[in-house]
Amino acid sequence: MRFFSDNAAAACPEIFAALAAADSLDTAYDGDAHSRRLNGVFSDLFGTEVEAMWIATGTAANCLALAALCPPHGGVICHKDAHIQNDEAGAPEFYTHGAKLMLGEGEGAKLSPDTVRAMVDRVTKGVHWVQPHALSITNATEYGLVYTPEETAALGEVAKEKGLGFHVDGARFANAVARLGCAPADLTWRAGVDALSFGFVKNGGLSSEVLIFFNRDLAAATHYRRKRAGHLLSKGRYMAAQVIAMVENDIWLRNARQANAAAARLAEAAGPERLVLPVEANEMFVRVTADEAAALRAQGFDFYDWAEGEARLVTSWDSDPAAVDALAAAIRAL
Amino acid sequence: MRFFSDNAAAACPEIFAALAAADSLDTAYDGDAHSRRLNGVFSDLFGTEVEAMWIATGTAANCLALAALCPPHGGVICHKDAHIQNDEAGAPEFYTHGAKLMLGEGEGAKLSPDTVRAMVDRVTKGVHWVQPHALSITNATEYGLVYTPEETAALGEVAKEKGLGFHVDGARFANAVARLGCAPADLTWRAGVDALSFGFVKNGGLSSEVLIFFNRDLAAATHYRRKRAGHLLSKGRYMAAQVIAMVENDIWLRNARQANAAAARLAEAAGPERLVLPVEANEMFVRVTADEAAALRAQGFDFYDWAEGEARLVTSWDSDPAAVDALAAAIRAL
Amino acid sequence: MRFFSDNAAAACPEIFAALAAADSLDTAYDGDAHSRRLNGVFSDLFGTEVEAMWIATGTAANCLALAALCPPHGGVICHKDAHIQNDEAGAPEFYTHGAKLMLGEGEGAKLSPDTVRAMVDRVTKGVHWVQPHALSITNATEYGLVYTPEETAALGEVAKEKGLGFHVDGARFANAVARLGCAPADLTWRAGVDALSFGFVKNGGLSSEVLIFFNRDLAAATHYRRKRAGHLLSKGRYMAAQVIAMVENDIWLRNARQANAAAARLAEAAGPERLVLPVEANEMFVRVTADEAAALRAQGFDFYDWAEGEARLVTSWDSDPAAVDALAAAIRAL
Amino acid sequence: MRFFSDNAAAACPEIFAALAAADSLDTAYDGDAHSRRLNGVFSDLFGTEVEAMWIATGTAANCLALAALCPPHGGVICHKDAHIQNDEAGAPEFYTHGAKLMLGEGEGAKLSPDTVRAMVDRVTKGVHWVQPHALSITNATEYGLVYTPEETAALGEVAKEKGLGFHVDGARFANAVARLGCAPADLTWRAGVDALSFGFVKNGGLSSEVLIFFNRDLAAATHYRRKRAGHLLSKGRYMAAQVIAMVENDIWLRNARQANAAAARLAEAAGPERLVLPVEANEMFVRVTADEAAALRAQGFDFYDWAEGEARLVTSWDSDPAAVDALAAAIRAL
């Protein structure tokens, strides 16, 4: 019973249907009929003209966005627990040619406008110091919290005021939208976001994420960078088809709601005492002793230990309801 | 009727079966059961212990190999018409952090041992000059010729003598093996090759190529580079499953033979007068006037113009026999 | 009366004499007679065979050392207040092609062995995480403290245990040696140091620092990197002559002692209450109110404000004794 | 008797006087009085507002210019015999983060407008191909020829038409101006040049070249890149003082005229039969047999062999008139 991550979930049935349907004569790279629809599909979804590119990983999507927003000699403000800092093996530095991540603090891996403003103001102007050029947040965060539209917009204000490009790592963007019940636009361009890494793979996709530019001026050079990074697959139609299938019938929201609902059931079972942070998406951190963790594992539940005395539980679109119920009961019984 | 490239061919049925079969609970990245089999499957195929990694594009496979073989301040000897020089948008320079491609000449995009030796000897030793560190050839070449085992081994000798790492871009390696009827080992490690980009996508795959290290010392750092380039997909089992399916039942050879056979039929129809180069794999360059090219297109045949007065025809595993026959007839009728 | 930095001090007379003496027919780059003596001069000074290269800035010396010790996908452990992190505009990332600086804490910009060990142990092994490959300390530190031979050797032990290359940023190495009265060897190779940026410019030089490799295997590729970074000046003899002149007659120690002695006089005047940290080299941080700082400036003393309520005072080889006495008196009179 | 290169010539007396005069209290980096005059001095010289930066090598000046004109994924058109391609150890690729040099042909290392236009037109538009972003020429060229104002302007026209930034490697710019008797402006901004590497070291300087931006928008980021490359020396006043001394009294022209005149005397002695190319600056290539070359060397003349049967002779500002006369006589006597 897998609760260690949503990144190993199955691909949802709509994906396989879409792949089969895409298996017909077409041209290569992103010249095919599916890929050519991508801008339109996502412009509709976001209610504004966007440039959208399929991309095989969230790491690549994040880092192409950062490369578009920050020169090699610049800096990117992010949380110290951000995925781009901790889990991408230096990919941001690779794609940006050595930009520096500037690390801020904040509970639940969230940055506040005041924190960002103070980080920018702390940097002396002048060539000896790396100047911040971009801000990157993760929504939902690495600790399962969400930024609301208002919070995002407040960060967007700071970004604008300080001349920072604004990127959202949306590996679990669907979970955030599902939680908030807002329009995708409210968490992005209406809040001043320039680029979004829109995650599909954790949410039931197979091998395609999408990089969205609301600031479409950034897209042209990114097409070159994507090819140069070896991320322009020749049979792009199979990439585009996956994400179109998940967008067109709101599969992305259906899947995210399922994952969130499973997490909510577990959170209710755990209760506020055990929860390190509120559960707002599909991740939670539960206080358990080593013995309790061992007891859960003995019952067949698979999850990661996190900090001392904490277990991380992650649900996904395909979390087996019976397994979720069983885990909820097991937590209650601790 | 598509003859413009094999990179837009359909994925073969075995691929879809493999994807469906891989859609079960497993862990992420390349920790899953399929990915963990990769080294074994390819070690069996090559008859020696290798390290194998799935990778989404040939460009990324090539450039990860070059990064393993050449430092940022070094040079890579390749043909002036090599894919890495002309068709990868500077990806080799990106992955190697700025190594220089050193361009040699030779008919049909083939390099001879003498050419390589002369290129190395021409470089003055000393820090003002980029020193060659690697040799990269393409087999089958960009012009549809193959290097035989003997030719490859002769290049391997030069590489060894001059201290060069030796990489083969095998985007159409299957076509070369199918043509030559040799063991895969004969075109690689027995000939001194350190790393092979083993192409599957042009040959009926969907989204996975394989990077093979015969010199296994090169693999450890490459795992980091692959992740850092955003090429470690989270649902790796769908990547591994594709290529395992194509290797285990010799699908890769079956498909390559079909493509080669289709090319041979067209070559026979064209006759030696029209052929710019011998046809040894699944690409050919045919002398046609502008009127003749237009006539072919009017009959529904899709292909690229190449140099002045030349058309490039490429067959693939799924080239429709009827379309091949029709094109052969149309060429004869010119 | 300049107390804002030693980096704007005059060049000492021996430098000008050496430049004049070097102005004769010779060959270019580092093939000249002076440059060819560099290895010998520094091998004598350190009592072991070293490879030494003149280099125009400490930033370049530091970053060439880091590039030799850390691959692009690796990390360099340093103090969060290190010059390489804060004052080099991302040069470490440029030269290493994007290695990540991993920031530790410790009073007075010093790292302890326990801190370093804990930083290494905290990193999970695996390709998702940047792995530490090098350790860089500054001696004397950015806050004017020194690492003793014993402290350095203890760090060297950790470096060896954890497989880290070990670099010392010695922008004020002379001040540390002068303070400690030890052999240069005791702060470097005997303590496990692989590479030293040996500063001369702050200490009365004009335009040449020296990069020293105790681990001489690192030198060969560094010669290429130096040229590639545009740091192989054509008239290298003027570079080599400067540092040889400062080493051969112990001018480097004479100058450092003068700077340290001036600082000691000021420290005595300030007294322990005002000093933020002990004064061990030629920098000090003095607690002063805004009014006090203004009063000092009104008397003609030029210095930087540091943290809230702190002034940084830096002495140099050419600090005018009368100015030092005057400042000492003025501090006493606050 | 040195005729192998001008890069090992002595520094002229005015340099030493300027260094001595600069040795006074001032601030660091380029905040000092001399450095702050640089823009003014060069704006006067060029008759337009420029941004000027001292820089320790021509390689660094060239490559900072290229980094300002070309993105990492772009290409720089230059002659196949250009210094940036052949003699800078990959520095252009380092500074530009992997841009590709695109090599053109032309006698005497000169590019013609038609050649450049054809090179641009040959590149298919699209993300698979590195797109040219800049043009770089060398004046005087690596073979001692000069581009006239008209020739330069014609290239500037092509650059403008094709959207290319335009850089001049002026390692021997002084020799070109001295030869042509034109205004420096005529070979630069009036001809559409965006950036010039203005060489002083080969022409009697000690350690400072100057990078000039006529397109001043390019300067701001370059200040960061210069620091990031470790090229912002702390005692910048000694750099600025050198070049100001050479500009203010036309020392740069006096020196270049001396070098050119010496070359002209040798060229006259050699006669048109022996000269591979016209002698327009201070380099020449003379046809000599191996026996003749040996005979010259036996008389104490030091020079490089170039191609088979060719010797390269380079004069400099300090070529000893007696040595020049002796060599002229020796050549006549061959």
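Details
Letters A, B, C and D name the chains as they come in the text, with residue numbers starting at 1 for each one.
Definition applied: contacts are C-beta pairs under 8 Å (C-beta built on N, C-alpha and C of every residue); 3 or more make two chains touch, one makes a residue touch a chain.
Bear in mind the structure is a predicted one, so any value in this text is a computation, not a measurement.
With centres computed as the average of Cα coordinates, no chain lies farther from chain C than B. By number of C-beta pairs in contact, C-D leads when C-D and B-C are compared. Chain B and chain C have centres, each the mean of its CA atoms, that are 50 Å apart. One simple way to say how far apart two chains are is to compare their mean CA positions; for chain C and chain D this gives 34 Å.
Each of the following residues of chain B touches two or more other chains: 29, 72-73, 88-90, 94, 97, 127-128, 224, 227-228, 232.
Within the complex formed with chain B, the chain A residues making contact are 2, 4-5, 7-8, 10-11, 16, 19-20, 23-29, 32, 55-57, 59-61, 63, 88-91, 94-95, 201-202, 206-207, 224, 227-235, 238-239. Touching chain B in their complex are the following residues of chain D: 72-73, 75, 86-90, 93-94, 96-101, 127-130. If you check the complex, the residues on chain A that touch chain D are 29, 71-73, 97, 127-128, 131, 221, 223-228, 232.
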